[in-house]
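Each chain carries a letter (A, B and C) given by its place in the written order, and its residues are counted from 1.
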């Protein structure tokens, strides 16, 4: 990593001395390269964000263009923060994020550890494990509802085969007790490979010399694992958790297709809840406030986490 | 000289007619739900294409996504649809926000009279505000929730005997909802021809409007009212009246006792599947599904019977209205051609053919003709049901009102959270909030 | 001691290999099931117990690409005998094919929007990455972070103002609108990935070119671009896969003309639970990505961990 930093630094340090371009200062040339991207991002990300904040202070409804738009101050925010439904959605999201992270880190790290034993053909099998995460979550989620069908579904049959339960006696997406786990299972199936790959990169970045030194000291394998492997791979693991955490906090497509938020609103994650407010109930102002709150939450949690991550890295 | 004049005139006429027909030949897109009646409409529309020279395209969306996608299309001012056969509840929003073209002048000019259509469909599908002569659609497809039952099972002597012994009356079409539940319980998990069958298939779908349509269908007859008849938007004590609570409790009991396993999220197509595959004895569904049962190999040819929604505990009898009117989308560039289609569709001959092909015509000339009740086994049930219909809110905020209902009902009936009283009290709060936001309260 | 962490014993390799292969088999089972279901008849698809051995049929694919109408026996009589093999398949259900389905159009939309947005985001991303990599840009770190932070917004949250904006500009349900949107979403990934690749190209090459009398743009075009080709290609694949798979924006902002396959495929099921047709549509949509992944695994696997591992 240090090598790359030097290359980059030398690049920026030296480039300005190079010849300018038709009288344009080098800084201007730099800007012409960057500007189109920044302009597009401003137009499609920042401008909308500002618009969202403005809308969040009104009672605007996108399906009622004729109605008068009134400013309501912070009332939308007040309503959201006191709405028990939204706290339900937050809880459902927390359950989903926690358990998917837990399972994905556990399985992903184990797999990476095993693959790092470099058995023959490991890269082919790695690729096969990676397949689910390359696919469209909505399309795959839609098909999983078929696998989850009572009786005829492959998943139910499989569980019945292993446990002896009657495959028609339970419905993963219809039972209130099972639905939260149904979405955790599919997400874990899809995204464990992502955690696995990052862990694998982490494990491979540990220099062999450290283990060799430890072996000279006759440290047990167990000890090596806890004092070398885990601490060295930890920053990578934490990064994987960051990425998956953000993604799953935003989760929409997979769960919408799997359960649609049901039964009742057991699996109605914040994004699904927000979609209902914004595009089914068309309470645009209210939904905008909701969006702002979600964004601030992700951003806040992520920033705190990144600080913690940097501390771990420094150690 | 003379001949040359003639020739020029002839050329002019030819040119004119060419121009005229060229200007007229449009590519029209009609948007509707993807279901059997839509296929029938495609066939029916071939006559229109032949007569007018216009070309018809269709955009059909399956029911669970229909409202979502089409309202999205209208709200984004899209030009995808020239003609929209939109759900009855959309009419308020589409009228107030200018999605639909107002049809009064057109009806007057073409001599199309709303009196010629079944009254409930005119109120339900065309008018906004309700009960005012402002028309935004032509009633296109009449629909109402009713019930189908397995006539062949009901006629089996051994079952009849057993039923009589257990309940002290004959196994037959239920008069009241209480009787309906007895029958459903009787069939629940019964072995018939070596297969386990279940009592009833009812609406429980969460995503769009399923459970609301199903529960409301029952609640009306139990005394549920949307608002104080004397004071609009006054809902306390009407939405959550004692009767309404009993109705919702009944719906949950029916769901708990008598539905097939895994019916936590079923709507029209799940009902069709359950009934056609011989899984259930009774099925709640919209009338549009009935022609499909008549021709089905498993349940057709006399095995299926039809009945109107039963009575509630006080003898009230109502049914949930379905169905749609056909409207011209105001964002379309081809409004004239679209109006031409409506004019064609309103003709009595076309409407008669529409009924023949499985489309539920709303034209009195068709439904009140003496042959009508005998024309199909379900024709009389359809007429009787249409006489007792009620519909959900058609307010511009209908989607908000509906989503709140979906949530409250599904949370109570399927997920089993809280009580019926809490669910309906909550609903009053939700709806009040929405009407307050709209400035109606 | 017999074991070593750096040089696993044969026995360890065996155990590790077996466990990983078991997991891999379990994980592709659902995917194989999708592909198999596409070749089943509707009754085989919902058979209990689930059928592993079955008579393959193309019914699902025929249903996927056509719309059909049920006919009365008299009407069927009139229509005459089936002309083609696919007519034959449909006839067993007393139906006739009445036209093509929308699947082809939706698939094509996915291709157009996918490739269009990939081209744009890689094009803009390469420029920006080069700018960030080689020039002193004021507030560089802030800008880079800003670009990254655009990914943290839940798509549904962004969709609210985008919906209003597109309505105002007439971009709803258009290819152009979706291409621009996906470009913007992909841009953050593309800039970050490409900056990494370009940083790796020694700056001396360009300096030599500049001394030879090349202008800045020529140096970029003739020296840097060819060097970054592999990086650009793997970035492009990531952008393409994202656009291909995206659902939230597509379902909210498109309804017909520009609708892509992901929001369409779940609606194939329709009345009557035609799972083989859904499976067929799913298979055709997923298999290109699977093949891509297996063929290009070296570059892809590196790319996935790239952003994470570098910084």
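What we mean here is this: a contact is a pair of C-beta atoms (placed from the backbone, for glycine too) under 8 Å apart; a residue touches a chain by one contact, two chains touch by 3 or more.
Just so it is clear, the model here is predicted, and its values are computed rather than measured.
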**Message:** From the centre of chain C, which other chain's Cα mean sits the farthest off?
**Reply:** B
**Message:** Once every inter-chain C-beta contact is counted, which two chains account for the most?
**Reply:** A-C
**Request:** Quick one: report the Å distance separating chain A from chain C, using the average Cα coordinate of each chain.
**Result:** 18
**Between chain A and chain B, centroid-to-centroid distance (C-alpha), Å** = 41
**Request:** For chain B and chain C, let me know how many angstrom lie between their CA-based centres, rounded off.
**Result:** 38
**Message:** Going by the contact rule already set, what residues in chain A reach two or more other chains?
**Reply:** 62, 149, 151, 279
**chain C, residues touching no fewer than two other chains** = 163, 167, 252, 266
**Prompt:** Mind pulling the chain B residues that touch 2 or more other chains?
**Reply:** 72, 75
**Request:** Mind listing the chain B positions that touch chain A in their complex?
**Result:** 68, 71-72, 75, 93, 96-98, 206-207, 261-265, 396-397, 399-400, 403-404, 407, 410-411, 414-417, 437
**Asked** chain B touches which residues of chain C in the complex?
**Response** 67, 69-70, 72, 98, 163, 166-167, 170, 172-173, 252-253, 255-257, 266-267, 269-273
**Request:** Under the touch definition given earlier, write down the residues of chain B that touch chain C in their complex.
**Result:** 34-36, 39, 42-43, 59, 61-62, 64-65, 69-70, 72-73, 75-78, 80, 268-269, 272-273, 295
**Prompt:** Hey, which residues of chain A end up touching chain B in the complex?
**Reply:** 59, 62-66, 85, 149-151, 168-169, 171, 173-176, 260-266, 276, 279-283
**Request:** Name, in rising order, each residue of chain A that touches chain C in their complex.
**Result:** 1, 4, 7-8, 10-12, 14-16, 18-22, 26-27, 29-34, 36-38, 40-41, 43-45, 47-49, 51-52, 55, 62, 107, 111, 114-115, 117-123, 125-132, 134-140, 142-144, 146-147, 149, 151-154, 157, 167, 189, 194, 197-198, 200-202, 205, 208, 211-212, 215, 221, 224-225, 228-229, 236, 239-240, 243, 246, 249-250, 252-253, 256-257, 270-271, 274-275, 278-279, 284, 287-288, 290-292, 294-295, 298-299, 302
